[in-house]
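Labels for the chains are A, B, C and D, by order of writing; each one numbers its residues from 1.
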Amino acid sequence: MIDLIYLAVLLPLIGFLVNGIFGSRIKNEKVIGLIGSGAIGLAFLVVAGAFLQTLSLPVDQRTNYVELFTWIKAGGLHINAAYQVDQLSLVMGLIVTGVGFIIHVYSIGYMHGDKSVWRFFAYLNLFIFAMMNLILADNFVLMFLGWEGVGLCSYLLIGFWYDKPFEKSTTSAAGMKAFVVNRIGDVGFLLGMFLIYLTFNSLNFTDVFARASSFDVPGSVFTLITLFLFIGATGKSAQIPLFVWLPDAMAGPTPVSALIHAATMVTAGVYMIARTSLLYAMAPTTMMIVAVIGVFTAFFAATIGLVQNDIKKVLAYSTISQLGYMFLAMGVGAFSAGIFHLMTHAFFKALLFLGAGSVIHSMHAQQDIRYFGGLKKYMPVTYGTFLVAAFAISGIPPFSGFFSKDEILWYSYTNVGFFFWLLGAITAVLTAFYIFRIHFLTFNGTPRFDEKRTHPHESPKVMTIPLIILAVLSAVGGFIGIPEIFSGENGNVFSTWLAPVFKAAELKLSYFGSYSHFEELLFMSISVVGAIAGILTARYIYLSKPEIAESTARKYGRVYKILLNKYYIDEVYESTVVKPIINGSKSFLWKMFDVKLIDGFVNGLAGSVSNASKYLRKLQTGVVQLYALVMIVGILLALFWVILSL
Amino acid sequence: MSLVAVLFIVFGLISLTSAILMVTRVNLVVSALFLIVNFASLAGLYLTLNAQFIAVAQVIVYAGAIMVFFLFVIMLINPEHEKRFLEYKPQIKIFAIVIAVLIFLQIAYIIFLSKPSGKLNKEVSQSISAGTIEEIGRQMFINYVLPFEAVGYLLLAAAIGALVLAKKKFK
Amino acid sequence: MENNLLLTYLLFIPLTGAVVLLFFKSENEKAIKYFGLAVSVIAFLLALYIYFNFDSNSGEFQFVHKFKWIANLSIFYHVGIDGIALLLLLLTTFITPLTLISSWSGITKKVKEFTFFMLFLEVGMIGVFISLDLFLFYVFWEVMLIPMYFIIGVWGGKERIYAAVKFFIYTMAGSLIMLVAIVWLSVHATNYLGYFTTDLVELYSVAPLFGLDVQTYLFLAFALSFAIKVPLFPLHTWLPDAHVQAPTAGSVILAGVLLKMGTYGFLRFNLPLFPAASIHFASFISILAVIGIIYGALVAMVQTDMKKLVAYSSVAHLGFVVLGIFAMTQESVQGAVIQMINHGLSTGALFLLVGMIYERTHTREISYYGGIAKIVPVYSFFLMIVSLSSIGLPGLNGFVGEFLILLGSFKSTVLNNWWFTIIAATGVIFAAVYLLWMYKRVVFGEVTNSKLNEITDLTKREIFILVPVIIFIVWIGVYPSTFLNVSEKSTTKILQQVSQPPKAELK
Amino acid sequence: MQIPIEYYLILSAALFITGVIGVLIRRNAIMVFMCIELMLNSANLTLVTFSSYLGNSIGQLFVFFVMAVAAAEASVGLAIIIALFRNKLTVNIDEINIFKW
């Protein structure tokens, strides 16, 4: 199956082509959905087959390559369209195709009745195609193809309902924002690639990593390379300072938010750092920056998430926050913990989004939690699954989020320092609070909508079954990564599986220091207690005493307003970057410099010539005899010359 | 003084006088007639140079055909006469005359300075044979047949052109 | 060497076609259209035949045909192609039939004259790419100007005369200086060769021996002419006017082929003839190119006219090409060659698309549009693909060129400065901004203008024009080796001529 | 006694200059035209003179050509004058200044 891995890439592409070209002529929605989901389902089977086959191989033979054809070859550059099948890419592949398949199925129900379902499924399949390229690539350039490809799909899907208004403008404006902000990051990625090529004369992962250890390269180069790459990661994974696009990306249909803007695409940055962990390990400065950015993003996004009223917005900021955790993990050298959290996050965040989608679906596109309430009795399955996901994200044992998040927090304490752990733990408390805030406001309490007009109902099976599957995964998914203190040596199956990939990087890092099991358990219980406290506070405020929320908001009006307006980051960017560039280009570069200065100079030159000729042409009196006279005078002069030369 | 010299002086004087008169007369017809006289005297001068064919052609073509043509046109359109010789912007015209005279002096100076007669000795027999119709005809139809043909076409084109240009436009 | 007449045939096919066309009756428009198309398609087929017989393992000139043209001055009719010229030749012959079909609906007056000029233009364009004699090159260079002048001036928009004259004078000013340089070069080469000749291959061997001062003057004279054609910042202001006023076919040819002549000239003449001066001025020209990238993108961003936007985007794209050429690495030059092709396809297609919508609404103001995705889905689809290609999305053609150029310029030892690449790379961001912003304003959103509801989607003919372009866009993006292989050896040779110029032989 | 060639040449020059003066100062187009004929003839005289003094007939051949060209020129020129007269009702060249800037 490993040799057939290209099918996992090709099948989504075929699905895209079939739906994209013939979709508009297929009248039956179900057929379209079947093609779209089927392609991904088959791709999942292929990846699963490859996974099982790899599992059966001895540990040192688990990295395999599948070469297709030469893509770009110029000078010393030789880029193949080739796929690397190893532990990391298989894990990612399983997540992407697995969660992707579930969300595809869910979409059949969610998009039911939309007039261009075919386009939706085509885009989704294209996304999976790009994402698989990103994951499976054996070189930076092919990875970049996926990297930009997923950005494109994100753009297309955010603006899927292109004629719908969104906030102050349209969905397509949100899509464009996403694409452009991603592009800024992509330039960083590009420059990182160039520097890698300059340093190692190759862009193949294998060659680069081999040469990174053997070549004598100054540390500053590694710092620069990794920083450039990290700029790319901040763009794709919505970290400070390039996170602004993700909240807006919620303009897209909810399954898109679940698949692209929660489970898979946004984690590409994390995956990329994991993939190039060796380079990062050789640049301690960058590692520190990554950790700092990660933990601050986690905290910062969580605070915004506290007060948002749009259910998808809260989840979006939650995603940013959780991604911050993953970057924290990367920054502190806990690579496999980061990937583990990536996986569990994919489960529970996809579930949260799909649950939210289910709610939105039944509430006729209402997204504001202030108009929900008491939905538990109308949609029990959604309620139950959402609760599982909420527990998972809050880090309540034994749900999956507990294992992954705690592993990250523990490593951030042992590898870097207490401060990181503290900020991470506070964020965990905030996370528990805001997630249960929306949970309580949505499902518990009394309905705040007009029950005569709105009739909430449970979603059809095609939507609830994916929810249930994801709920099961969110609940038990953590058991493959039980920490060593509970499971013993090599008991953490997940990190053992990934260990060969990160071995080289971890050797470079070599964090020393031993900590007692007591300490670990202490920190673990502190964060669990914190999370439970967060849940209870949310319950107290939003269920028992709803008036507290309002009074607190009024009491700290200014803070509340800042948080509600997301620290005014969008506005700051708008006024410091976007406006000056547009206005400068328009009024200075174009109307002044181009039209007045350059063109003015050119036209002025032409004008002065024509002015001069205006005077000169007065000589053309039209009297032929005058011309003849001038000619004769000329002859006179010429003859003088002849005489003188005789 | 030989007959040739006498003839040269006579024809030379006639041609010069008629030229000056032709330029200065206000009446066009009179000018044209003086030009005919001038052409005829030039034909005489050609004879003194043993160029019989050209002399005859001069009389037939120039004094005959072309000048008749001129007279026709003059009479056809009958333009108003200039009132005086230097009627319009006399300063410029006097200036023009001065320039022209200066050029004449220059040419004369060049001619006398280079003394072409010192290098040229006229062989009368050669001169006579060069001017015969046979000789000219031989040259024309052997060495210069292409220009000859071209001139033929030129005349044809000119004839057509003149026809088109002068034709009245009927509506 | 044995003469190969294929290129001469290629040159004469459109020429003969143009002459034969004169005998058609003006009223018989249908026959004229099909005849013009047939001629250009035959030329394309012949170009394909040449491509298949081209030996890409050699960097030498192939299909050479050489005889003395003006014997006294050793001016030759000397034609031949290497891989770079072959690609541009294919581009030219590929685009011409498409533009001819595209103008079937756009050009309604003087169809015969239009077709004549288009074929005549093709002669000039082919000639420029295959000439291996400076004098012959100059002749074609000027020949090309005349039909373009008329195409803009006769079939153009409201201010067509102004635009045509501006185009003509700008280009003429540059090319006259080039003529002086050609004469000077050949006269100066007499000191080394012992006789006067304008044959490029012979001059290749002596021009690099000139002193740096002579090389500098000659380089600048050639560069000025080419820079105007490219157009390099700040000599670009003729371009927006010419593009906006020209009819669609004119814009397509202008963007698709004519602009490439400047960059081709840099590659064919400046680099190999004056290696020392080229290296000396590489940074200077690259600075202009980088300014052009950013400047063109920024100005394109704020345009209100679709065609002007695309025109300014050409300034940015060609900036990449020039940067690639003067970075003088194998990667960057090959990238530049690919980027020339890319730009011809993508920007050509963009102009075609703008022209198609213009024919329906008679306006190019972006603000007039909005929400046409619903009304003309097929059009929107094509516009999306072409925009993405122009943005440089991996998997489509634009990426391959830009990536190689940036990669090459980053490692270039001639430029030896990362900032060229870093600043140029930000142009990639702006490319996304201006094209997607336009796309958003034109295609997405709600239908604000009720008149738009009446426009019809693309006809079969228009789809037929666009599909081949799209095929090549995807082809170059996915499997660029087809094209990279062809240009590889020729690029190597040019770079060798720069890095190891011929040494003076002791006599 | 032979007449020195200079005499013929001076005479020719004098005729030529007379023609030039006429061209420069006369207003009537037909008059100007006749003066041009005069200048042509003075040139012819020089040609014939040299032809005769050199004993070479080619000079006279050229005179023949000049005559032919002069005839063509006269016919076309006069036709132009007639056409001009029809349009402008004058043949005074200082009143016909359609070439004025």
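Convention: a residue touches a chain if its C-beta (ideal position, glycine included) is under 8 Å from a C-beta of that chain, and two chains touch if they have at least 3 such contacts.
Here the structure is a predicted model, which means the values were calculated and not measured.
**Q** Figure out the least number of contact steps between chain A and chain C, where 1 means they touch directly.
**A** The fewest touching-chain steps linking chain A to chain C number 1.
**Q** If you apply the touch rule, which chains end up adjacent to both chain A and chain B?
**A** Chains touching both chain A and chain B: D.
**Q** Looking at B-D and A-D, which one has the bigger number of contacting C-beta pairs?
**A** B-D
**Q** Just curious, how far off is chain C from chain B if you go by their C-alpha centres, in Å?
**A** 62
**Q** How many angstrom lie between the centres of chain B and chain D, each centre taken as the mean Cα position?
**A** Their C-alpha centroids are separated by 6 Å.
**Q** How many angstrom between the C-alpha centroids of chain D and chain C?
**A** Measuring from centre to centre gives 56 Å for this pair.
**Q** Distance-wise, how many Å sit between the C-alpha centres of chain A and chain D, to the nearest whole number?
**A** Roughly 92 Å separates the two chain centres.
**Q** Considering chain D alone, which of its residues make contact with at least two other chains?
**A** Residues 20, 24-25, 94 of chain D each touch two or more of the other chains.
**Q** For chain B, write out the residues touching at least two other chains, lowest number first.
**A** Residue numbers touching two or more other chains: 96, 100, 103, 107.
**Q** What chain pairs are in touch here?
**A** The list of touching pairs comes to A-B, A-C, A-D, B-D.
**Q** Considering the complex alone, what residue numbers of chain A touch chain C?
**A** Result: residues 24, 69-77, 141, 144-145, 147-149, 152, 155, 159, 162-163, 165, 170-173, 175-176, 179-180, 183-184, 186-187, 190-191, 193-195, 197-198, 581-582, 584-586, 589-590, 594, 598-599, 602, 606 of chain A touch chain C.
**Q** What does chain D use to touch chain A in their complex?
**A** Interface residues on the chain D side: 20, 23-25, 32, 93-94, 96-101.
**Q** Touching residues of chain A toward chain B in the complex: what are they?
**A** Of all residues in chain A, those touching chain B are 626, 629, 632-633, 635-636, 639-640, 642-643, 646.
**Q** Can you check the complex and tell me which residues of chain A touch chain D?
**A** Contacts found on chain A: 617-618, 620-625, 628-629, 632.
**Q** Give every residue of chain D touching chain B within the complex, in rising order.
**A** 1-11, 13-15, 17-22, 24-28, 30-31, 33-35, 37-38, 41, 44-45, 48-49, 51-58, 60-61, 63-65, 67-76, 78-83, 85-86, 90-92, 94
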